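Below is one structure, written out as structure tokens; comments come after it.
For clarity, chains are labelled A, B, C and D in written order, and residue numbers in each chain start from 1.
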Amino acid sequence: MTEIGIGIIGGGYMGKAHAVAHAAVGAVFDTALRPRLEMVAASSPASAARYAKSFGFARAADSWQALVADPRVDAVVIASPPETHLEITRAAVAAGKPVFCEKPLGASIADGEAMVAAVDGAGIVNMIGFNYIRTPASQFARRLIAEGTIGEITWFRGEHVEDFYADPALPATWRATGDANGALGDLAPHMINAALALAGPIRTVMAEIETVHPTRGGDPVGNDDQAQMMCRFENGAMGHMFFSRVATGRKMGYIYEINGTKGAIRFNQEDQNSLWLYEASGPEATRGFRQILTGPAHPDYLPFCQGPGHGTGYQDQIIIEARDFLQAIHEGRSLWPAFRDGLAVSRVAEAARRSQAEGRWQSAQPH
Amino acid sequence: MTEIGIGIIGGGYMGKAHAVAHAAVGAVFDTALRPRLEMVAASSPASAARYAKSFGFARAADSWQALVADPRVDAVVIASPPETHLEITRAAVAAGKPVFCEKPLGASIADGEAMVAAVDGAGIVNMIGFNYIRTPASQFARRLIAEGTIGEITWFRGEHVEDFYADPALPATWRATGDANGALGDLAPHMINAALALAGPIRTVMAEIETVHPTRGGDPVGNDDQAQMMCRFENGAMGHMFFSRVATGRKMGYIYEINGTKGAIRFNQEDQNSLWLYEASGPEATRGFRQILTGPAHPDYLPFCQGPGHGTGYQDQIIIEARDFLQAIHEGRSLWPAFRDGLAVSRVAEAARRSQAEGRWQSAQPH
Amino acid sequence: MTEIGIGIIGGGYMGKAHAVAHAAVGAVFDTALRPRLEMVAASSPASAARYAKSFGFARAADSWQALVADPRVDAVVIASPPETHLEITRAAVAAGKPVFCEKPLGASIADGEAMVAAVDGAGIVNMIGFNYIRTPASQFARRLIAEGTIGEITWFRGEHVEDFYADPALPATWRATGDANGALGDLAPHMINAALALAGPIRTVMAEIETVHPTRGGDPVGNDDQAQMMCRFENGAMGHMFFSRVATGRKMGYIYEINGTKGAIRFNQEDQNSLWLYEASGPEATRGFRQILTGPAHPDYLPFCQGPGHGTGYQDQIIIEARDFLQAIHEGRSLWPAFRDGLAVSRVAEAARRSQAEGRWQSAQPH
Amino acid sequence: MTEIGIGIIGGGYMGKAHAVAHAAVGAVFDTALRPRLEMVAASSPASAARYAKSFGFARAADSWQALVADPRVDAVVIASPPETHLEITRAAVAAGKPVFCEKPLGASIADGEAMVAAVDGAGIVNMIGFNYIRTPASQFARRLIAEGTIGEITWFRGEHVEDFYADPALPATWRATGDANGALGDLAPHMINAALALAGPIRTVMAEIETVHPTRGGDPVGNDDQAQMMCRFENGAMGHMFFSRVATGRKMGYIYEINGTKGAIRFNQEDQNSLWLYEASGPEATRGFRQILTGPAHPDYLPFCQGPGHGTGYQDQIIIEARDFLQAIHEGRSLWPAFRDGLAVSRVAEAARRSQAEGRWQSAQPH
């Protein structure tokens, strides 16, 4: 059991989630490396101090620069806004420290490319924060597909839909500016990553991106409320994805439906402990979608609970993520999903933007 | 109570359904006109005779021509293949008889245009068979939207997916030839009609149409297995539809999800007696999608059963349809959906074909 | 094809349902006997005349006595209140006419015993109206259990719960008087019949019966709002049933859950086209309750629709019932469920009343 | 921020869960007291050492006696078998240390009474481990009922059903001996506690308890596989509960359905992030059960995640429990549910055993 000092940049939504995860992960997974909540940085020293006290960090940093440079910080978790991801990554690389970065991979595709170049050039262990694909259910879906349970994929449909911005009366805050904060920039990466993980690389996309409410409270809105794309996977499968922050009634509609020649899979994060599987075998009269409740028979469930159907939750995904990051550091190699996987996701989103601009199908592969 | 002689052309899937409907509709709805199962025609006199005996028609016709011409046949129901729709319509028009035609409106857009011209030119009462929109649930959805319950529509998603052709080992029968028998020709019309009824006219579409299994049992397949289209409604709403006959596990996935600024609606024909409604009002803590079970409070339910939640079924939709056809004849004017509404549906499908050919968005309006 | 004259007594909820059923059944099932809606009787000649016109009967009867005696009435359907069942049955027996009687079998156990004695003594074809057990889903459940799919039954839970009388402000009408109109008398028979059909005879019961709202609108209520019973089946299985007319939110909660040593079954009439089956076989990781959508592979579905998942409804159950009644007449022997099966159901309810009175387990078998 | 040394007895299913909970709770809830994983005890020093290393405790204890006596252990968590609960409690009381005990409260009602006497006599802060009632959904259900949202309760139905012992081929291990390990002893306490919390004290019960498989692998089984009880609440409501470890297909069927005069609530732990609420208000046509997804608007959700519908899991309940235990210690007074609440639960189970023995209704109140 070797201790490792964790430094987290950001103490908001995800900064806290990673703090809790690193507090719990050792007890849950009996990890080889044991995280120590060493330091937290935020937009001001005062807020960092508050976070440190509240989450139980040993110390607060005056700035992210100080955190990255600190000798007792052995690994860096970036949970600050996308605009900060590249610069922090560069500093972590310079300091030779493993780095975990929240999605999306920087504020632009250029940022993402620079981040991949930086970590891969220097051989720095790196990971990107696509947590939803880590539920026992979605890990199991991936395994079922890989094992051929549903045959060849013929159709993939994905959604990431929420309604936190559905009310047009909500003011135009920072959420309403910057591509990285729009539906395509902020929500899409999780589901695009799921699509790539479950159905393989995407060859081409044809998209539509729109701002449903161009003004909010009198102020202009500078980014998109929803976006859709038809897509074609390299394995030939047809697909479609939809992303929305104005999907009234949907709270966490991270939904996928995958048809194959031998079966089908359905999933909705709003009921994250059920995976629906149809197998086109056995007598017609007893076929149907089966509601499989996750349990010890599924990936990464048992460490959380010995009883099936008892369920894991959002925070547990972040704990699984922390386990993988510690494992990656332990093994000295980046585990999936790494920065390069985050970049692959950004490329799909970027192809969507091109498609919207040109009204045509676009390649989603690197040029 | 006036009797009316009904002549049905076709005694297959839908011919039988209409025969049962006309046998039952008077008792269910206490209609002003009372249908008499006068005559049935089929592809041969022998099969017509079998159908007549089996369904309880007074007589069998030697041919559809004989049926249309028969003086005791007061109204004609076309439940034969799309290729026959135009010619029969013309004969019915010539004979001055009201005509009900199963979807799709003929085998091609040209057929459909000719059919509309024929009936509207002669002032013949006409109707097209979009039965699914007639469930109490979908009629109620339409009313809720019209009344503004979910506000302005921001997103429409529709599917009509089944899996009767999912198994690639199934042989290439007549189902595998002819656009009218493909997923876009055969399945799409119902959902396109729903889209138009629920969200209004469609301005433009961008589509993909594909044959998932190009051969079946060694023989070539001549039409499409699935199709998708992004669409833009005239009211500005973004939309998407998907149609498939190879959607493993789906039996009658006539599904729609409609987001609005004030609420949302979800429906799946596989559970046709539930409508899911979300209203963005009241305390956040008690909001949620409500499973409304159809009952006497919903359109056209009470005549089938006095108890809510007891449920209507497929055949009941055809009975409702028969009631409307009788009512149209009684009033001497075509009721929705008429041939022209069927043509509007066909135009959307045709725009999808153009879009597929050209790789671009296309207008779905008459040129 | 032989015609048979049907006489229906009662034109209310169930009288109409049987009228529609007999209008449609020949077309749906191509029955050997073809019903002719010959005559309807009601509480007055005037209402009978209205029903005759509305449902399409050839004639109205001045009284049920006239109907039973009429030479063109070949078979009698009793859809009038329980108090009338015995007397009408006796007349039908005297006239030597097959008789179908709506549940419950008379207004009391004594009535039921007399009815069974009458029909069985005279060898009259008879049937009792337990329609819910006739859905394709519940017929299939019965078959699965009979074939051993779920192994030995270890637990049966049934409910028949509605909320039509949940509001205490509703007045004390006829519904509030007479055991036959209470929850145990009116709602329980369907589910007790299901229990017997699915899990076999009941040996003993221990019950509680209560009037939740002793007065309504100032007037006293004379019968029960809800009742529950623990029961022990002859095969050793433990069970429980609950019946309520004040189950706020439930519209047609005819629900059963059956656990067996090898599997389990769940059903809710509110989604009557789904049967949920769990089989304890195959890898643990892919086990789950399967949502089986009814279709042509299930009993009595195909005549209503060729497509699976398209669904049957309430009225279709009555059509299936009519088919069986015609078939029974054709074969000259009572088919399940006959009057004696209705009596077996009444005996369970009666044992529940004794149990409530004595506060002890009671035998549900004939003494 | 004051540190507090936590000693946990047991490192199995629940010992680990409490270890994780105390590792995470400070970061999640910013608690006044901050737990330090000080010491763990188990059935042998060797296993205690393994648990200490695996979960991150500072030290392992040679025995629970050593742990309770250790000066750096400020509070004791009992997660060892029921037979040990009483003796450990007495030691903790003697040492003047707050004690948290897993359910059930000792191996017998006598144990439970002695435990309550011990802690209450000495004024020791104490709590019992009913975690399921702590989900945001169930806490919210409790609040809704308390606020009168569903009116007066007319019916309570509860289940705790799993299938871990459904296969009769499973051997007769320790699980098959001792009342405390049977369905009524092991599973029932959670749901009985829920019943008391949601619907109030239980006056009388009438029960059945049975061993479905009297032998397993040739060896005799010494406790019950399932049990049911009808119950009457002090507020007059009728109720029923069922407990089973042989409920094939059910993984975590902690289910309740509560009918009231104004509404109804349904919940199933297998989908722990949904609460179903029906309100008998507004137009009939839009009434229905609402699926409320838990979120920041519900109790104890926000500290786990800022997004609604993202979901909490099993482990999170234990974290909430730890927060309450720390809070109780901080305030110097036992918070609900305390030992006395555990005893109230045991009394209901004990009344069920008496009822089974005597075949009559029994009081569930202290004599």
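Just so it is clear, a residue touches a chain if its C-beta (ideal position, glycine included) is under 8 Å from a C-beta of that chain, and two chains touch if they have at least 3 such contacts.
Just so we're on the same page, UniProt names per chain: A, B, C, D = Predicted dehydrogenase.
None of these values were measured; they are calculated from a predicted model.
Counting C-beta pairs in contact across B-C and across A-C shows that the higher total falls to B-C. Placing every chain at the mean of its C-alpha atoms, the farthest one from chain A is found to be C. Remark: chain C and chain D have CA centroids separated by 41 Å (rounded to whole angstrom).
A separation of 54 Å divides the Cα centre of chain A from that of chain C. We define each chain's centre as the mean of its Cα atoms; on that basis chain B and chain C are separated by 34 Å.
Contact with two or more other chains is made by residues 250, 287-289, 293, 295 of chain D. Contact residues on chain D toward chain C in their complex (touch as defined above): 150, 154-155, 157, 163, 166-168, 206, 208, 210, 212, 226, 228, 230, 232, 238, 240, 242, 244, 246-250, 259-264, 278, 280, 287-289, 359-361.
Contact residues on chain B toward chain C in their complex (touch as defined above): 1, 13, 16-17, 19-20, 23-24, 26-28, 30, 34, 37, 53-56, 162, 164, 250-253, 269-274, 293, 295, 304-316.
Contact residues of chain A toward chain C in the complex are 140, 144, 149, 277, 279, 283-293, 295, 297-298.
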